[in-house]
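In the two assemblies presented below, chain A is common to both, partnered first by chain B and then by chain C.
Take a look at the complex of A and B:
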């Protein structure tokens, strides 16, 4: 075992060109969906990726899987740079990294039997030989995710949302991956079924030593499955920390506001909870992001420097990093200005 | 809104309340709504009774398909027919039975005394009309507001729902607003006539948590200011804990438990409610705590199990549960449950 992380992402940028308008055909701007994101994934851990709709969570996941063009930055797996791999060279990557999608209804081919949906990766990556071994492996996977073997001849529409998500998980597992990117795997499910799937993902991780990047907008769900959590805002990482540290001591004003906005299912705790007013205001557009710190228009602590200078992500305590001027050490120039103004 | 109006005592009982035995604003009795699909009959709302008191917020919770929306739609007779049909029941509102009214009488109640906020704002906002046109309509029709006062009232409403710069937004079209702002415009429309009852069907499910918090706080403030009642439909127990006075828990078209928010969260008496509370992921949980799911799958409303509809998933089920349907009965005072078994703490 080395200390090399399983996955390392450095300064990742994904910008989408917008089509120009009729009047100004060349002036189409770009959506800075992901704009300089760095993180790593340790073997066997679960890293949560949270943030508001449109902040770039799915795009980050897709870029890591090399399913969307990378504008800038580097992606390393086991120390190997995979950012520019093409064609056949991508094959092993396609097997090692799998994805589970949010929409259990849209993600499965409606014309395929469950047997073939789950078994497809076995064929593509030539993981078994012969009909019998194929069927046996699919049935084993079905059992692993809690589906009954006699369901294997059925089609997706005959299953409930929770069962379809199990089918998606079995299919991802078929490729014997190291990393699974779970993109909002339970958001579309009922609370009672959500819990079944979260427990299943946990058990599978323990059994198979999987590593997860777990994308979600629900911080409460993330708390039950993640070791570390990364918070995104408008294409940037604003905070990353061990789960426990993030929930007990959120540092970034956005993370604090996000936590205060989440209702707790307990009337007594609720009557004491105060909603952070800094969360008022609209989510800004990634086409025309604010200058300086992307959160400054909504931040109650914002100072003049926040609207001018973008803060950088830096460690405040061990493993806890935050991107906010409140936590930046004073520069020499600033301290001189301050001293001068006091004097 | 004019102060004189806002300061009126909450929901002065109407003159025609004589039919109303317990003084509730809304009284629903044995409501039954079905959908017919060939020979299949889906029991979307299966004989439910409940009431809403003046000034209170009643939450309806339950999993997807349990009949929450169809209950709300039935109250206002908005069920698509065919395939749907209200086959039984009464809905008394201020002493009048909404299910017996003529279409004309009902139109006068809808959007006026009872307003509804739908889950998806784009489907209920008209894309070709400006916000001004849509806000003014109910004021003209129901409240006969003078033409010269309408603009001021519209601006006032937009300000109440915290639309920044309402003057510049009044003549905008719905697509020029963000999702959260559209939802706020919907709320402004619903409030235009100061309804006595507001029905909010998953008003924030499609929105981000931060925007969700803004909107729910707003609804709470506004209903409080006007003393209106609210039926809040949601599957988010966290939302319910903060905003509801009383809760109806629905399962398979029935109310299986009903009580105050405290009773439901602190002493859940139906195994389904208990399961729902245990399976909720919590922000204040201990680190990576294991969730306790309800095993099994939600029932098929066209083919319900015999006896208690929850019995195939219920860890407490006894023989009686498989054979006989438990009625909704008092457990303690106004805390009701429909279950044969006593679930202890």
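Take a look at the complex of A and C:
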């Protein structure tokens, strides 16, 4: 692993303007889908992005791909700033980042044969010359993801969900990208197929040294595949840590609540475990986020400070960062709260 | 593999005849015709009518070498006979010859005007639908404005400016149908561009032209083909209507509409065949084109390939778990 991270995102903000009224077109405000997210991704690593729906995890993925306008912040690939590339200048970048989609039924053009679907990046970026080489490359990719070569003349509707996802993966691999953004790649699949696809992604990573940004809401899947996990809430990063550290020692109250919501595949264990009642209510609207810490209205440890001052993401132990006042160097008032929460 | 087994299971054939697919081999065109006949007999019938119409148009001079304006004053208004298969008109011209040459005229006008209209529809519809925003707004208001005028008014104005004649009719009908048809193309582009595979193509770095031609166009082909075939029939009718009103192709030319209006109407009671024959020719041509168009639309959808006819079968196949699993089993 090199010193400069492969992908570095600094203070990324994606705000979507809402339509205002006719007379005051700017009155609509904006949805702060992503509001100041920073992270980095080392080569060969898998970073998981988790959070409930609407927390901005997919939008972050889209912004990194430059498929959605970035309001503020910087995105670097190999040290190169790509935040403001436009038009033709974006095309080499598009080769370096590919995406695997959630819906295996919608992500493949129904009018194209598998041969053309998988090979499209090859044609778009002129990576092979000649028909024979093209076909050979596509067949190699198909074999890589576990598809039979004689399937290449078929159309997507002739495949099952798992097979289609394999086609989508082969297409993403065709361009030999540096980063693959997986947007919930298995959540639309049956559980048995999920495992196959997850293992395929892992094997491919080992074989080809791929780097994944893995957006998902299934915490068990994320734990299995990710080296590090980033938890998002309402457009903010609340906690980042190595997978094992996060799952064994979640620090942010929101992460703790998430962890307690993972189902245990054993009814007896499930009934014995304490149900953490810490999360109540709904996610606040990203148009009008709460002041201070975005989680404070639902947090049982919230104090007066939380509603005034937004906490910053800071490292507590090596590689484990959390954005919560509870873990900040303690002032007198906060230490009292801490004692109270432990008690 | 479901594709191979499905038709065999659905169409029960006597065991002595080998399956259609085997007899036809792998030839795509023959296979397509075979499936058309088996699954869409009415479509095949329509296709046969279209082919007859086309061949009649192409070989008009061979089939009826007499010349459609050969006047024979002695044999005026003769009923159908061995000599004059479909009778003669008030100038003693052979009606069969005129109908055959009328087919030629109809084929030329219909294909030229429809092709023009489809190109116009596709270009306006695809660009307007895909780019959206202000461009869409502007172009759709122009289309709105155009469609506010009744077709007939536009036709009358255009003919009075350009004068009657074959190419004028082609131009005007092409433009008229093209602009109104762009709406249909645009609306299906609007739904197609929402698909994730369009997003995938964009994020892959495909150029806009490539997305329009390789992804949008093939996926709006079904409505375009339907548009083409319905417009083909409509153009034949419109051309006849124009000629009927004296705005189309001027008289000595054997336009079916002109024949209906001039000779047919004037001698409706003395010589009813003068109205019936071109009327039947028009009806059959329009019917055949429409039937073929419908069948073509269904057959060209790859999701329907190798499936028995109708939506019912498609629905059954989608819901049948066994076929899914059998395809799934091979790779996994």
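The definition used in the following text is that the second predicted complex is superposed on the first by the 320 of 343 C-alpha atoms of A that agree within 3 Å, B and C clash if a C-alpha of one lies under 4 Å from a C-alpha of the other, contacts with A are read in each partner's own complex, and residues count from 1 in each chain.
One rule holds for everything that comes next: a contact is a pair of C-beta atoms (placed from the backbone, for glycine too) under 8 Å apart; a residue touches a chain by one contact, two chains touch by 3 or more.
These numbers come from a predicted model, not from an experiment.
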item: Contacts of A:45 with chain B and chain C, given as first, second, both or neither; value: neither
item: First (chain B), second (chain C), both or neither touched by A:137; value: neither
item: Which superposed partner A:328 touches (first chain B, second chain C, both, neither); value: neither
item: Contacts of A:78 with chain B and chain C, given as first, second, both or neither; value: neither
item: Which superposed partner A:166 touches (first chain B, second chain C, both, neither); value: second
item: Chain B versus chain C as contact partner of A:196, first or second or both or neither; value: both
item: First, second, both or neither for A:91, with chain B first and chain C second; value: second
item: First (chain B), second (chain C), both or neither touched by A:108; value: second
item: First, second, both or neither for A:120, with chain B first and chain C second; value: second
item: Footprint overlap on chain A, comparing chain B with chain C; value: 160, 162-163, 193, 196
item: Contact set on chain C toward chain A in their complex; value: 2-3, 195-197, 199-207, 210, 214-215, 218-219, 221, 302-303, 305, 324-325, 327-328, 330-332
item: Touch list for chain A against partner chain C, complex; value: 65, 67, 90-91, 93-95, 97-99, 101, 103, 106-112, 120-121, 124-125, 146-148, 151, 155, 157-160, 162-163, 166, 168, 171, 175, 193, 196
item: Contacting residues of chain B [partner chain A, same complex]; value: 63-64, 162, 178, 180-181, 208-214, 216-217, 235-242, 261-262, 265-266, 275-277, 279-285, 287-295, 297-298
item: Chain A - residues contacting chain B, complex; value: 52-53, 160-163, 190-196, 198-199, 202, 217-221, 223-227, 243-244, 247, 257-270, 273, 275, 279-280, 282-283
